[in-house]
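One chain, subunit A, appears in both complexes that follow, with subunit B as partner in the first and subunit C in the second.
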Partner chain A sequence: MNDTLYLAWRYLVYHRIKSAILVLAIALIVLIPAVLQVLVRQGQQQLTSRAVTTPLLLGAKGSPLELTLNSLYYGSGVPEMIKYGDCSDVAYTENVDAIPLHVRFRSQSAPIVGTSLEYFDFRGLSVQEGALLKRLGDCVVGANVARQRGLSAGDSVISSPESALGIADEYPLKMRITGVLASSATPDDDAIFVDLKTAWVIEGLGHGHFDLSDERAAENVLSRDGNKITANASVRQYQEVTDENIRSFHFHGRRSTFPITAVLALPEDRRSMSMLLGDYQDNDTVQLVRPVEVVEELLQTVFAIQNLVLTALVLTGAVTLLLVVVVFVLSLKQRAREIETMAKIGGSRGRILGVLATEVGFVIVLGVGIASGLTWLTTIFAPQIVQQYLMG
Partner chain B sequence: MSKTRTIFAAVLCFLAVAGCTKVNWSKTELKRARAKPIVIAVNYPLAYFAERLVGTMADVRCIVPVGEVASQWNPNEEDVSELQSADLILLNGAGFASWIESVTLPPSKLSVTTRGFSNDDFIAQTGAVVHTHGPKGEADDANLVSETWLDIRLATKQIDVIREEMLKLFPQSRDQIQTNYDDLLADLEKLDGETDRVVKSLAANWIASRGCYEYFAKRYSLDLKSYDLRADEAVNSQRWKLVDQDVKERNVKAMLWHEQPNKEIQDRFDQLQVKVIVFCPLLKVPEDGDFLLIMNESIHNIAATSE
Partner chain C sequence: MSDIIEINDLHFAFAGTTFRLQVDELRVSLGETVAFIGSSGSGKTTLLHLLAGIRTPESGSVTVVGRDVSGLATASSRDHRVCNIGLVFQEFELLEHLSVLDNILLPYRISAALKLTREIVDRAQQLAESVDINDKLGRYPGRLSQGERQRVAVCRALLTEPPLVLADEPTGNLDPGNKWKVVDALIDDAKRRQSTLVTVTHDHELLDRFDRVIDFSSFHASSQTAEVAT
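== the complex of A and B ==
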């Protein structure tokens, strides 16, 4: 038995390039559908688990998919904004909690998520280093953001201007990092979290500047009418919240009209959920969606595409397998003299067939082994791969 | 074996029923159980009202340290952490504690005790500066008078809100809270009646050292004008001129002071025949006494003047 294995192995090693190509072909036939399956399953799991734990989502009328992708996975498409008053309406509903979300701005590629402290409890996010938000201008960064940018508590990040020309109302804000979140293998790892009020400061609805009744502000004042001062837009605004200037930060306008992208609505039981869904059924301006239904719809599309891809891969694999068989058959013809020599030196027919079959077995076992190993590695890193390349 | 199966089946049934009635994502389930809930108020009167309602059921605190003026105090990061760890944060509203705008607090734990007020209940500050930037709206400046508790009827509305919040925190102690509520309201009603009687007996026009008495004046229909005067600082001649003129024009007979003014000021008002009455607006956490005691003391000071 050992000599059969030895001869087969030596043959493969001698023809290493041909053997490697065959092993690779077998590995790819197995690997590609398997990896695809693992990644799709992981993607499905990640999408579904986040959607399942998010009962209801309130957002502007429009695409439920865009609303869900922005609110749950911080996708780059920003849905139409709704008013903060809509969040208060949900919060005032009996047995329903509401968490506002403002996912519009970014710091480099990381989404800046404006929300309330309840969000961290709701998602089960804990701080690995430092502390949660304390004041205006503070932020906590996700584990991946901290690792990729080498950030830790005490450092700072700057919000990126939304428009390339920088002519919009928003101002880049330098934010103090108060903490780094522990990894949760969710889109939260790639986000930067701020207080909703800080998001409004970035939006230009709140700001800090020196006292306009001060003499230094004379050049910025358009008019003074009794106790009413009208300033021009050139008033120098602070781009960082510090101990010295924090008291000067203020907001213009009514809070209830300030924008948010969505509200996470958390009913305490199914009855409250049904009642809330009923309340918003005929609303003209906002929609209340069940993320799990939106994601299931998306996944059905993904599965349909996956099935097409798998069919194509099975066909490709079958063709490749046929080619491998052809290679083996041709190889047998080429090796006629070698087989004849083996017979002449006393090799029985069974032993010769055994050597040839072992060669094929080695190729198949190696190919499948490599494919299995890589599939196993993919399974281990699938959460990160899906996070990084599919949902990022 | 059959017993084990029965238990297993019972557990499964229980889980199934539990799964049908309760949704997993309920945030209530995430709230950590604590031996004694922590209730933090942003000023002393609210802390007093809350404590009267729940007694020792909750750990009721005022976030402002003893001796600090609540309207001028700002929290440090430790204070913010303390607030974040509370089960309930009682806010006054009416622009009181403007620092709330610049710190991060969990909205689900915040309760604005003036939320039941009508627009007419609030009093706008006279002379408050507001600013705009071109076409943008006016800044959301705190331009309301904040000391709402000095109008006992408004304080009662605030207590209603606190009671509502306490019933959510202690649903099992409804009867006890209601009894405490009735007692507190009876005390305040008595205080209100006594104040009304004393103030009316004085039958005078008033001035005040601070704008904080506006709600008090409105409640008892006092003709009161406020000047921003400090008890320990000399008043400049221009301000004296205004006060002199006002005293003459309105025939002012009494002045409310947040604390005893220095001798120079006292002498000047004596000359003007204006009686100085120390009326503590409870902006500080008292070192001795409580809300009722201090309010009664202030009413006593007014009564002593009328005698």
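== the complex of A and C ==
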């Protein structure tokens, strides 16, 4: 090793704690703004890419942001419900396809997305293992859900109660996994997909139980009036849809009144889009939003906050750098005798300054190197980090 | 025997003080061991610095190892010192962040005029062995006794095998046992290599070991010439 490098390195190694603190300070000065930039850029990219592929979104009147975050990124905030009939209304419009969404329930932390099979085509989702939904009570899981929970086709998942005490209307449902989706690096990787009817079963709108016309169910029956049988509360409802009990599952009420959280409206052309927007412009109960506009508005707020944070970080960094310089200058004063010794035994001013400058150089290079490495790692894992911590 | 030190009509003063050093004539031969004695402030250390080229006289000539160092440019003076003079200081002047071996090798690492080779490292280890610190080569100076530190400093001064060694109170901070070890190491080396040793000391017990003793007491007071008091 070059003598100058060697002497500088030995000094840093001997004063390893002081050196480590300086390296860490330099690394943080570089790392924090860099990581912030990477994550914000990744977040912007993920939000925007999802939004631009979703032309229109129909949901209840209220916050367009909550509707967009719930429908596109499966955010935990659930917007007001609309009726399934609203989806049919959109679908009846000329040159417009409609995909219903029911994003209310979760299995542990994974959102349960009730939808139709068209959704998989629309998002370009393919099955990596197994098959898509076959019947009521089936589900397919996103790649991350499968990986994190060690699930595969043939396993099952159970919906979680919405409230901590589990006393809400919904019923936990054990769902059969028919397939695992290939990773798409989108929020779909973290979701569990079910047919809309399965979501309604969880909601309590559909259920299956013993055949009450059977004589063996006498103790559950309060009264019989022709085909009308009234049962008491002891009738046990099935917690799982099986090939044996699927026939007993049925829904009460009109399907058009059943709840959904949103409708993905997919006009075939700009004209259809304009017409649809016009149709819903003055609607009192539902709103039709363009997700890309909602996301842009959100990003403007994010950028404004980012600029504030960056300004604060730059100021903090400048102060930290100043402190690093002060520490170095003070250490030079402490080392005056050592420097004099090096000069007496033959060190030229240039060589001595070279050793001192190399020490500073090592600290800067190590600090920036660590920051660069961690920023590089952040860049690699940014999609997952953003998906898990910022959009989860 | 040829003179390795030759001083003629030397005048030196520290700016802003009344201190003045004047040496009309002083000669020291190659292979001679000389002790400078005298009261504090009599100019012993200053003369060592003038010989080493660390300080420059107002007037006069200071010829060391065949070269007048009084008018040398800083770089030339430094290179002349590195190649021809070994320095030992009272306070050892070791670098705390370097191991014993690295401290001994420091002249070769810090000076562009010297090149560190495998042979030099071997010589450093031999020197360390000669003063009984070869088992401490990997230690830092902070973990050595005072005597061990000064022996490290002696090894560093002798590593370049200089024809002249200047030692400024090398035993000033040492206990009696270590004092003799250090002095013996310096004198034995000078005798073995036929080099010159000039030592500043206050310790009169050591004087018998030197070929010549130069008393600075009257020298500074009269500001005349260096008296030789053998």
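Definition applied: the second predicted complex is superposed on the first by the 368 of 392 C-alpha atoms of A that agree within 3 Å, B and C clash if a C-alpha of one lies under 4 Å from a C-alpha of the other, contacts with A are read in each partner's own complex, and residues count from 1 in each chain.
As a convention for this text, a contact is a pair of C-beta atoms (placed from the backbone, for glycine too) under 8 Å apart; a residue touches a chain by one contact, two chains touch by 3 or more.
The shown structure was predicted, so the numbers you read here are calculated from the model rather than taken from an experiment.
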item: Residue contacts with subunit A in the superposition, subunit B compared against subunit C; value: B
item: Contacts of A:341 with subunit B and subunit C, given as first, second, both or neither; value: second
item: First (subunit B), second (subunit C), both or neither touched by A:91; value: first
item: Subunit B versus subunit C as contact partner of A:303, first or second or both or neither; value: neither
item: Which of subunit B and subunit C A:249 touches, first, second, both or neither; value: first
item: Touched partner set for A:381, first subunit B, second subunit C, both or neither; value: neither
item: Subunit A residues contacted in one complex by subunit B, in the other by subunit C; value: none
item: Contacting residues of subunit A [partner subunit C, same complex]; value: 3, 6-7, 10-11, 13-15, 337-338, 341-348, 351-352, 355
item: Residues of subunit C defined as touching subunit A within the complex; value: 52, 54, 75, 78-79, 81-82, 87, 89, 93-98, 102, 106-114, 116, 140, 156
item: Subunit A partner contacts - residues on subunit B that touch it in the complex; value: 20-28, 30, 74, 77, 80-81, 84, 99, 101-108, 127-134, 136-141
item: Subunit A to subunit B touching residues, read off their complex; value: 53-55, 91, 97, 116-118, 121-122, 124, 131-136, 138, 195, 197, 212-213, 222, 227-233, 235, 241, 246-247, 249-255, 266-270, 273
